[in-house]
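In this document, chain identifiers A, B, C and D correspond to the written order of the chains, with residue numbering beginning at 1 in each.
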Amino acid sequence: MKSITFLILLSLSATTTSYGQGRDRDSLEPEATEVWQLIDKVTPAKTVGGAPSDAVVLFDGSSLDAWIHLDGSAAKWEVAEGSFTVKRGTGDIKTRETFGDVQLHIEWMAPTEVEGSGQDQGNSGIFLQERYEIQVLDSYTTETYANGQAGAIYKQYPPLVNANRPPLTWQAYDIIFRAPIFSEEGRVLVPARMTAFLNGVLVQDNVRIWGPTEYKGLPVYVEHGRASLKLQDHGNPVKYRNIWVREL
Amino acid sequence: MKSITFLILLSLSATTTSYGQGRDRDSLEPEATEVWQLIDKVTPAKTVGGAPSDAVVLFDGSSLDAWIHLDGSAAKWEVAEGSFTVKRGTGDIKTRETFGDVQLHIEWMAPTEVEGSGQDQGNSGIFLQERYEIQVLDSYTTETYANGQAGAIYKQYPPLVNANRPPLTWQAYDIIFRAPIFSEEGRVLVPARMTAFLNGVLVQDNVRIWGPTEYKGLPVYVEHGRASLKLQDHGNPVKYRNIWVREL
Amino acid sequence: MKSITFLILLSLSATTTSYGQGRDRDSLEPEATEVWQLIDKVTPAKTVGGAPSDAVVLFDGSSLDAWIHLDGSAAKWEVAEGSFTVKRGTGDIKTRETFGDVQLHIEWMAPTEVEGSGQDQGNSGIFLQERYEIQVLDSYTTETYANGQAGAIYKQYPPLVNANRPPLTWQAYDIIFRAPIFSEEGRVLVPARMTAFLNGVLVQDNVRIWGPTEYKGLPVYVEHGRASLKLQDHGNPVKYRNIWVREL
Amino acid sequence: MKSITFLILLSLSATTTSYGQGRDRDSLEPEATEVWQLIDKVTPAKTVGGAPSDAVVLFDGSSLDAWIHLDGSAAKWEVAEGSFTVKRGTGDIKTRETFGDVQLHIEWMAPTEVEGSGQDQGNSGIFLQERYEIQVLDSYTTETYANGQAGAIYKQYPPLVNANRPPLTWQAYDIIFRAPIFSEEGRVLVPARMTAFLNGVLVQDNVRIWGPTEYKGLPVYVEHGRASLKLQDHGNPVKYRNIWVREL
């Protein structure tokens, strides 16, 4: 008690001289800016890119049990050698489980078969909450529009840089996604945000997503709750592996 | 020309019916939402955590040539076996080169020698722009205040989770740092921001830094320009290796 | 249909030449970037500062029926001449109704009786959601700490400028407040934000509130839902009038 | 000194019990969270909507001296009765002075002559930095696309509500505009932001502007420095008065 009184006298006398300089810091105690909270423990993976202890593993290399087609049927894409491949014409697949804010790790590989150019070369897509797409495309050699390359929030934000690896090479996205927040009347209050690394290189820095991905016209938010992670069948045999999410 | 006129007529007629639904998207052309820009190429590292082609390597495992003490003298910390160790009492070191916005990769290892508890166990710190500290501490077993753990923006933001590895194990930070922006009169217009991963696990998500790290009292921004990356000598033999930055 | 095909040919031919320049905009139709939505009508007040048609009027000049003390009892502050006055020792008052995101208009007047200096002169406070305080103080002549002046988010952000009027003059706050958003586990996902004008002059620009106002130590968010607007009895006879909020 | 030692002992003993609860606040001194800075004085206007003491008045009711056409010639729009009117066919006008971040107040009035419908009724526009348009339109009765109404960031963000007054009535915008910030290589680092009130009602809340206003196609940022405030000649006799800005 005595000590506190003494300190206050000290700091009052300091006031007139320290104006514009902050207080005389020597008279302050460091404890006032400590925050005491319990922080949850998470065990990181032994290897970089591996799933931490609190992650939901969405593909362990052997089974697509966590995935279904949009009509609810079992995922018909092909699993082989620890990865799975888009099966043309079967349609998109999505996770049975739904998510809000997530940290997502996902690896993909573009094929060499060039079935077209621009948007027809190794095209697929990763839709956060079934709506917000980060593009998957063989952008190593292909020329296309900037907001349609790998690393782009499709038809919205071009990637900061083109950090693609060649086709037939595994590539990795590490993504922080914050789901949009809607008012009770269904109006978007806080737009979705995304930060993304492609092969360890920053390609999106906390961008505000304009709304659900649209091929034509501007996006407009429509209210929704938790939703699945969706992968696109764009007709090209893109491969995926090592997929996990941590709910944030 | 003819086609454009035709489309406009189409869309005007659509107006009255599509109200509240967005336009009839079939009548729109997808090119209107393409953005054509040249995106710079960056070659990612072959191994995860390695330096991409546009990175500045700040420690290659053999020399501290890129680092000096605050008085400008050559860095006296000890290099051995591909890493370097804080040499107690020599003082902080900083890079010769200065930076603004960066993506930073840096690896560190806490010692086992317990020289104290709480803040005295494996304590060091990484100061972005010589001012904004993300804490380095053996927080695997040690109890301390939440905004003083590894992963914390020191005395500001606790980490989202405790993703520490044990002492004597290498740990990695991957950081996105956006420097503060000041007005011509020196007032902070846009505070610094940081996103950080510890061992691949998100620990800071785009937090707004309050100001330069202060041990006592609240931080207050003071104008500055580009500045060095600084590592703290807190008296504990913390090791560092594999340090690189990409300017954003 | 025919027209669409024609346009696509046009734009493909444009692709090679327009690289890095955006597309040839003449070949695009303007409708693609129109958004058709119904926008709610709000009738603004006839006079500036008056309540718009969708506002909840919290004080109409005659009655404190909308307000209670923290123990639930009727507000004992004194109503006279279209305003009401803090009644020393009766304690804070808060609205019966609770709010989330709001646009708030509130007018206040500091007394001339100087009962002290610094923080003891015309001190009161406006607590959004009972927790996040924008300071009310006679800061026209009084010297106090910057983050304790009128216009400050108390103990957090100083006002951008001192736009105070003298005591015995009505002053007005116009405030945009976005409530914090918490995860299901009670962790803050999106901190509260505030933009504020004092007497028509910007004093806070979309600042991220650190947590509930604390007189001592750092704020720490604790989960809550909708909450009242609270006015502080700090022992000084501050007057209030013309209070309304619009839910956002 | 003695007092500080004593306090630290106190707080260490508190540590074990207060875990997860913040520190025992009674043992902290309030001065540690005070910020002492000099805050500039600004005298607010006597009447609401009037220019504060630090504002640049861009139209005082009598002269367009502060304005020029885009070719540098004197502004030919007509001044009468304390306001000025868009003179069809003379082209846009802009301020001689250039600005960065501003608080802007501007009043406008739509004519009754209906020269068309939708976008042809009382159409003009306010371009911050000659590029980022907040729409001026008689949206009281007219139906048009949501992101083309008064209160809209044109072709980007619809207004939160329609707070229009009828034609022949003065309306007021109060705007906070933060200019975009570009990297040394000309890439946008921080997009422009806008908060806007129409007739005292919030219509834009800190939206991130996508880029310069485009009638066709998506906006793409192109680096620029300080720039003028521009008003659009869209062929309709819109009136303006009481225009001032404060640099932020």
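The criterion applied here is as follows: a residue touches a chain if its C-beta (ideal position, glycine included) is under 8 Å from a C-beta of that chain, and two chains touch if they have at least 3 such contacts.
Keep in mind that what you see is a predicted model, and the values were worked out from it rather than measured.
**Student:** Which other chains touch chain C while also touching chain D?
**Tutor:** Chains that touch both chain C and chain D, as defined above, are A, B.
**Student:** Out of A-C and A-B, which chain pair has the most contact pairs?
**Tutor:** Per the contact counts, A-B leads.
**Student:** Do chain A and chain D face each other with the same patch, meaning over half of the contact numbers show up on both, or with different patches?
**Tutor:** Over half shared, hence same.
**Student:** Could you state the distance in Å from the CA-based centre of chain A to that of chain C?
**Tutor:** 32
**Student:** How many angstrom between the C-alpha centroids of chain B and chain A?
**Tutor:** Measuring from centre to centre gives 17 Å for this pair.
**Student:** Which residues does chain C have that touch at least 2 chains other than itself?
**Tutor:** 19, 22-23, 28-29, 31-38, 147, 160, 178, 216-218, 220, 248
**Student:** Draw the chains as points, connect those that touch, then say whether the picture is a line, ring, star, complete or other.
**Tutor:** It is complete, because no pair of chains fails to touch.
**Student:** Can you list the chain A residues touching chain B in their complex?
**Tutor:** Touch residues, chain A against chain B: 22-23, 25-26, 28-30, 32-45, 48-50, 52, 54, 103, 105, 145-149, 155, 158-163, 165, 172, 174, 176, 178, 193, 195, 197-202, 205-206, 214-218, 220, 246, 248.
**Student:** Would you mind writing out the residues of chain D in touch with chain B in their complex?
**Tutor:** Where chain D meets chain B, its residues are 19, 31-35, 37, 101, 143, 178, 181, 183, 189-190, 216-218, 220, 248.
**Student:** Quick one: in the complex, what on chain B touches chain C?
**Tutor:** Residue positions touching the partner: 2-4, 6-8, 11, 15, 18-23, 27-29, 31-38, 147, 160, 187, 208, 210, 218.
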